[in-house]
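Got a structure for you, questions after.
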């Protein structure tokens, strides 16, 4: 396994992956695994570009995508982008309690199952696709919920779902800008439409997060790893509309101001409202 | 039955009631019935003052209070204020689906049941208080819910519940003022802490209500009777906190602006945030 | 109001009603009110025969039917039988929690609303039928449930629902006969298909009811009024099938035997099974 | 891995396991894995005896127990029996929807985690026990349910839970005997108290299972593997009481009789009732 490090706040480096594959002349790599939407930094990577890099390298590696916080929220095109394995879960875009992992496999991935030599038991795909039945007792209540979630998502239309997430995210980003803060994601083309990680200089993030929860019942996620203590995250995916986002933004503003940060209450909300109204 | 008209936007006229009782020398009136919190105008009347007026007139009339949108949300003191019959319902302060009416009766009211000559059947209180059992099959699922609601309310504390409603209402009123609009309620001492009726000159209210619902999924109630078409109402009671209120206010602002009213988006939210932050 | 007493265990006396109407030459009676299925005795009366008696007397009285434990369980034909007002409730055949009363009115009944001089307020039908809206906040959660109940009932088919209740009731009656006991209902043509009241000589009923509940978690209803202490009742309506009935019958048998009654365990279950198997 | 085959209908062979361990002089075996209660045959094995066999062989192998259909239903003593890893799941004794696997580990098992060299990722116990938090998003709704299940089970008392399962199973076995049929489990000491597998000679089992489902809405499980087509299974664990068992038994009787088997309806129910009444 070769890990190609992605700097915090940046998208998965397409060129580095392409170079690694070109250097792999005896095709030791079996697959390229990336996170489509990085939840801890709010960065969305370009899956289609990775596929092109694999193809340009004429490498047979499969393309594995962790789509936990992207599938059913962001634009995700398994077939068109040539994704071989895509992983999602019930508690994000599918708007359910956690407990289900959802795996999509391409025909090519299913062929590899036959020749793969990794030891496997519970997760052997052949058992799961054999005849339409599940080999082990599944989480039935969540499957019934998934059936309903899919109805809701398809009624709205997947394109409309992605457009809504983009519209809501644009409002969040307008607010962040109004507050004079910046996102962890460096390149606007990589801004995530399902989560925004907001940098807070000076180590104030933990206090803001604590204040938001204790005073306003607003749960902001903290930074992890290298950015621990340096940011807070606003999630914006799933069963969500403009007013819910504005309620959350108003809470962030108050928590920031309560902690002495130079943020004008109402300023971010006003810019987000402007963004939402301009979007129709 | 004598109806003492209350002008729209005003509280129940204490003096007029006192005068009527004083004139009723042969004590024909059996009771005085008032609405504590008038949902269609956002006006809260002074129940204790009505009781004093009855007592000053040395009249034996009972005091009946419609507390549908006040009990379990506003300060309500059945014993201290000398209320004889108080009516509440499950879907307001008790935070349940509709379906339960709740009636409290004073010892004096129960005595009158014995001598009253009005025909009665289903609602005969004697059947309901006989032995702790209900005479007819009650709405069991709502009674179980009520048990839980009471736990939640008593855990928070009734004083804290009333204080929270006041705090949230103050924020709403700060926003209304920032928008340059006025409430239907004329006297600040009568402002309701569970609902605010906002006057909109020029017949714009129906358009704003329609826009709020169709674009922002925000349900504002319309005016009724004399104020039909002249106001919209923001309800603020029950399971509610600051961020929910701010989300709703942000939606009102956008709907107002979308309809061409001279309201600066963010202005009301900012004043409400200020109010909430000042309140602790 | 003239009350025509129905002896315990008998159906509503058609002839007595006909005679009363014939004697009422100045048409003082406005309506005839009867209980279709008497829950406390397990007797079903002949609604169509009452209608014929009214018509034979050439009397304009309306026909009011309490169908609480019959509608959506037994055969009930409002139009064909000439019922003017039919009352049902959510917690019986409609398989919901209690909390909804359902009232059906004939065109003739609605005409009478206009000329009736009884004082009315909450229950004024004109408010309820005005424009498809409910005049007061209804029990929304139960209305959503009712929508689903109606889907379930209409999917099964109302004829099939009635046939199922008859089939299940026949099994219960076969068991009662096997136990050497008799029903409160005297005439087999009046046996109720939704509840069976089983006579227990010697004052044993309360002990059997207590034993069934405390040892087998089986809730049997006691007798009321004249038959208090003399019977126990087995309800068999709603979301119910053969195995649920047999489970209940097996519990009754054990409770009877535990109380020293000469009942052979398994005897009633065996006869009920025979009845169910013969029914297909 | 050495698999010691257990003949269908028999308990795990204690002696064979003891012999295998004694022969394993260089201690290649890391653990002994057995199924406590074999769901497909209704056989309960003697976990404590396996532990004694391990100890007698002076072998350091850990004892792994699949307790899916035994924990929270049958007597299960992790500490007293020296179980090192015990596996349970939400949908059996814990009375929840499926979706949770529950793993208990002994201190000795946790020590081995440190020295084990098997590749591991998701299931690395160290991540799960680190600090009381779960390393991955767990199935929250089921965890809340588990909290309530544990309250219910501990309120009843684990000894009472096991006693109830035994009492109910004794009733089922009395019925099977009355039908002239025999269990798959050969030795009465190994009869399972949570499921009974009933042998049906002559290949009738699939027809009986089909009849029970289509006519009586009763779901009986089929045989698997070597006993496919030769038996049907009655599950009796979880939220269950006497009358539910008797309802199920009455359905089995009818299905058997409907398929032409020489079973007297009511005969099994009567014997089960006798068993239940004798048990108090």
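Lettered A, B, C and D in written order, each chain numbered from 1.
One rule holds in what follows: contacts are C-beta pairs under 8 Å (C-beta built on N, C-alpha and C of every residue); 3 or more make two chains touch, one makes a residue touch a chain.
The structure presented is a predicted model; accordingly, all values stated were derived computationally and were not measured.
Q: Please give the intersection of the contact partners of chain B with those of chain C.
A: none
Q: Which chain lies the greatest distance away from chain D when centres are computed from Cα atoms alone?
A: B
Q: Can you compute the centre-to-centre distance for chain A and chain D, using the mean CA position of each chain? Integer Å is fine.
A: For chain A versus chain D, the centre distance works out to 41 Å.
Q: Centre to centre, by mean C-alpha position, how many angstrom separate chain C and chain D?
A: Comparing mean C-alpha positions, chain D is 45 Å from chain C.
Q: Counting only Cα atoms for the centres, state how far chain B is from chain D in Å.
A: The separation of the two C-alpha centroids amounts to 58 Å.
Q: Drawing the touching chains as a network, do you get a line, a ring, a star, a complete graph or other?
A: Graph shape here is a ring: one loop, exactly two partners per chain.
Q: Under the stated contact criterion, what part of chain D meets chain C in this complex?
A: It is residues 216-218, 241-244, 246-248, 250-251, 253-254, 257-258, 264-267, 269-271, 273-274, 276-277 of chain D that touch chain C.
Q: Sort out for me which residues of chain D touch chain A in the complex.
A: For chain D paired with chain A, touching residues are 89, 91, 97-99, 137-142.
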